[in-house]
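If you scroll down you'll find the structure; I have some questions about it.
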Amino acid sequence: MIVVVNANAPEKEIERLKESLLKKGLEINYSRGVDHIIMGLIGDTRSVEISNIESNDIVEKVLRVQEPYKKANRLFHPESSVFNILGSLIGGKNFAVMAGPCSVESEEQIISVAKSVKAAGATFLRGGAFKPRSSPYSFQGMGLDGLKLLKIAKAETGLPIVSEIMSTEMLDEFVKDVDVIQVGTRNMQNFVLLRELGKTNKPILLKRGMSATIEEWLMSAEYIMKEGNEQVILCERGIRTFETFTRNTLDISAVPAVQRKSHLPIIVDPSHSAGMYWMVEPLAKASIAAGADGVMIEVHNSPETALCDGSQSLKPEKFAELMIKLKKYAEIEGKVIG
Amino acid sequence: MIVVVNANAPEKEIERLKESLLKKGLEINYSRGVDHIIMGLIGDTRSVEISNIESNDIVEKVLRVQEPYKKANRLFHPESSVFNILGSLIGGKNFAVMAGPCSVESEEQIISVAKSVKAAGATFLRGGAFKPRSSPYSFQGMGLDGLKLLKIAKAETGLPIVSEIMSTEMLDEFVKDVDVIQVGTRNMQNFVLLRELGKTNKPILLKRGMSATIEEWLMSAEYIMKEGNEQVILCERGIRTFETFTRNTLDISAVPAVQRKSHLPIIVDPSHSAGMYWMVEPLAKASIAAGADGVMIEVHNSPETALCDGSQSLKPEKFAELMIKLKKYAEIEGKVIG
Amino acid sequence: MIVVVNANAPEKEIERLKESLLKKGLEINYSRGVDHIIMGLIGDTRSVEISNIESNDIVEKVLRVQEPYKKANRLFHPESSVFNILGSLIGGKNFAVMAGPCSVESEEQIISVAKSVKAAGATFLRGGAFKPRSSPYSFQGMGLDGLKLLKIAKAETGLPIVSEIMSTEMLDEFVKDVDVIQVGTRNMQNFVLLRELGKTNKPILLKRGMSATIEEWLMSAEYIMKEGNEQVILCERGIRTFETFTRNTLDISAVPAVQRKSHLPIIVDPSHSAGMYWMVEPLAKASIAAGADGVMIEVHNSPETALCDGSQSLKPEKFAELMIKLKKYAEIEGKVIG
Amino acid sequence: MIVVVNANAPEKEIERLKESLLKKGLEINYSRGVDHIIMGLIGDTRSVEISNIESNDIVEKVLRVQEPYKKANRLFHPESSVFNILGSLIGGKNFAVMAGPCSVESEEQIISVAKSVKAAGATFLRGGAFKPRSSPYSFQGMGLDGLKLLKIAKAETGLPIVSEIMSTEMLDEFVKDVDVIQVGTRNMQNFVLLRELGKTNKPILLKRGMSATIEEWLMSAEYIMKEGNEQVILCERGIRTFETFTRNTLDISAVPAVQRKSHLPIIVDPSHSAGMYWMVEPLAKASIAAGADGVMIEVHNSPETALCDGSQSLKPEKFAELMIKLKKYAEIEGKVIG
């Protein structure tokens, strides 16, 4: 950590600041320029409150050198993490394909979609039982009945289930019934939920908050990992920007960025990024080309009657066509879908 | 709701779309131009899934006319809401001042700060017991002990307490001990929490999500109000933009915007917007000048040792000076602090 | 265009509004709901001032149906435009690769880089002679001498030249010496410059403004095309968002979006998007996978001593490796580099 | 400037980096931690290319300590600048009010508006002759005829004229006829134009680019000042964010931020920020309360027929009411309008 101090500050104030830093157990490398004094702090600064130091009148800025995450940091874990979830692999050379409807609507629907995505080569079944909707007047999901139907579809196809949890109250049911527990974009900083998920032994799919920086996202992963659960899969799903043509702006650069900074796998959700079915194919291909460890794609047998997100859902036949192309891209990159 | 359809679409597809809309109980006002057909939908469209309609190949866009919120909408409730919380008023001609430390740290601290803000004219005591921190290695608040200390400070000063809830598990304690339950920016779309708060009879302070549109924010208020609790106070605290000089960008325009669209009171938190103590005064004055119904300001007796957000906290004497100016501004606007 | 009017407005005001709209030569499709009156305007609304209508107290909003661009619109020009620039093709099935240094620095440098990018398969030589730098204390480019050196490099390699113009004063030189005239992100709405470029017969590379919507970008293309020059190539180069890890956020979705709305070719500049050399490869591959018509890549023989943008420049050998991969991707997509 | 280097880098690479920094005439303060080496560079780093240093594989980041602007920097010019423009003062204790129509439309219009804003207390007359419009099909201003009409209005009222320049071609006319030359948001980084304006002796009103950081904005002021013209007035006019309720998001925090970092006066344009006439009053009051040195407000005698920006224009009587309130606010802050 580097503290930049006004060089014209009274000597007494500077001494007081130095003492307060030394008291935190840090060493100070002190260097005086014409306009600024630079204090390089050496030691473990992860728990130092930057805000505290900044509240000094004489401090101009505080710059962090060390990344604030540790368990998620590639620096301390150079190899890419690979997770094996009921035989479906993710990370390293393994490209995961999670597919299924935005929300589970009926037994027929979920089984039909599950079978078709399985046939096309998907490696996970996604399906929402609890739906975070911006309007209280919209369909809120089938709830626990939805989880039951997902289990039936899993029994039929063998695909592990990915489904979103909305609060700690449902934790026991999710640990029992779901194979990958998804944390939605609106809950990326629901720290109580993250902490409880960190105490389970289930893989967690952590979607990026729609206005979260990459660092904040990794800090949310750290919340889970700190409690002992190191199976965190990150999912880029578009960020909020000034552009309104797309529902969100897919931050494709987040893929190489996360892979440089962290060992955790990162997948992309092109469906939520775009919000338009015809954009899913180009964005899914861009994701694998950029090096993503997987994609998550909404597939619905009847988008026009879907209870949510119909506009961004692919029909099963379109999904099958997309899978053929993704396999070619995977081959170029030396990756295996599975 | 207005559906824009490609005028070159096959007649059969257009008919099918019309039928599906009529089935929803809506009337259609149909108008054909050279390039586009415009279908004006008449009836209650609040629960119509836009995404559903957009999934049709022939639909170019769907435009909403009606606002999706009802209970929060000034259209159906022209008078501004005024809430009386243990004698402290907010809304209409009443300007509320909520002041206190970012987090409760000790009995001495909270009582000392409470007394000084009361003396300066604050009408509510704010103080965090549960703190949502982006790092799991940062101080997370005193928890229930913090709530106890706030109650002692309330007993000493008579100031009603504002404190942030982080999950439904603590709901009973908050209902029992806290006078205004705050929902933080990261939980603005924690819909499970909002729904449960809607079943209580406590005033709720709903902070704007850092990347929430004004409409989404009012929809979150609607979640609470739909369950029966209509005492929602909105709090603008800065939004996330490209500018990094300030911690967040205070969206001062949100004040008149919300007041035009909704009858709910709106206050401003200049401390979190700026992230720098020296910017609190100009932003607080701007807030009252723009018509806000109150401000929420962080005050700490020793910012340099504060366990969180020291950089943006005012010392009690600075807060007292600010109050003198706010009173003059209130006078010009015909408002009363209290 | 759709005008939404408050249904409680006085009848006289509504009549006055209707008359003023009819006077503009528009037909009105009138439909009254409980809360709102919807007026659908039929006719050519491209030059109607929305702001004018919105200044009426009784108008709640005005929604545009028709896109405001005409010559750039795929609706009126369904086939993709293909340009042949001294034998190098762009658009349709042709993938263009523009490569070279951020700025021309010396004869040795530009010739050496030009030869190596040509050998690796680039189809255009890029190089800056006039550099828009945010600091007046930074290197501002070699100016006209830079253009001369580019011509020498072109003579040596046969590669057509792409270079950025900064003001109309240099127009004659650029028309004479440059094969594709680039408009930088900061000049995307320099309308005087656009208009003058529209009067030339040179292909224009129009970079997206760093905070321009896709619609505004197409409107800037329209400025050029309206004057008669229809050879406009669009270039996505990253937009400004809250994320600071990357210099800009590459909006990869802009590729399919532009291709749906317009017939003009669109290329991607992964170098400026990322600002970091190690991110250029994944972003370049993502661009071709998303369907882009080309890429523009900074290549420098000695990034550590480059006079600008060294951090994002590839060394020639890295560029050659990237080209091998791009060719494989092009093959999958049925495209030809050339 | 601080260079953060990977502590595991080969010694030879580190030495090479050190040498290259010493060659730039900088001193290095070297400090080695467990994971990082920190090199503090001492000396004038304003012209050092950060990008250059970052292109080294072993460099993790480069942090700037010194601000890159010098002439605009309050550090080297502690007193606030005050400009006297034909008797109208701006800066320090003087609050300037620039008012008038978006664009000059006719002699009657501009004289009528000029007289009414003068009567209400405005200190400058604003009016556009050359209009940067996002559509080539919109009204582009009256051009030189507009300037002539502004001069007539100035002769009638004595108000100095503020008008926007769009390119260097019109520079002579503007220097001759206009009292404050405005640079619009889209030209904030038109460096050729800035440089030429720096060679004149006219005060320049520099609007903030809609996605420019405060630092970039001050760097654009620096471009003008470097050439010798130190009379730069900054104008905040709203930035582009994800919020679409307002046309732009007024960044009210920019007022205290600029005043802390620079000695130049800063005014606010609430009309363009909001895009809606009913929001102009609260935002104008917020501006003066936040400490702005002035406001720029659009006033039109007939907004419904205005050739541009009617929706955000005040009628003269509304403007007069606003002025009464602004005077009361100025009094509290010890400021004088004039």
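The chains carry the letters A, B, C and D, assigned in the order they are written, with residues numbered from 1 in each.
Please note the rule applied: a residue touches a chain if its C-beta (ideal position, glycine included) is under 8 Å from a C-beta of that chain, and two chains touch if they have at least 3 such contacts.
A quick note: this is a predicted structure, and the numbers were derived from the prediction, not measured.
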Task: Any chain in contact with chain C as well as chain D - done: A, B
- [ ] Starting from the Cα centroid of chain B, hunt down the chain whose centroid lies farthest away.
- [x] C
Task: Whole-Å separation of chain centres (CA-atom averages), chain A against chain D - done: 39
Task: Distance from the mean Cα position of chain D to that of chain B, given in whole angstrom - done: 31
Task: Residues of chain C whose C-beta touches two or more other chains - done: 211, 240-242, 244
- [ ] Over in the complex, which chain D residues touch chain B? Could you list them?
- [x] 211, 213-215, 239, 241-246, 249-257, 260, 273-274, 278-279, 282-283, 285-291, 325, 328-329, 332
Task: chain B contact footprint on chain A (complex, rising order) - done: 20, 46-47, 49-52, 54-56, 68, 132-139, 166-169, 186-187, 189-193, 195, 210-211, 216, 219-220, 222-223, 226, 240, 275-277, 303-313
Task: Touching residues on chain C, where the partner in the complex is chain B - done: 2, 4, 29, 31, 33, 35-36, 38, 40, 42, 61, 63, 65-66, 75, 211, 240-242, 244
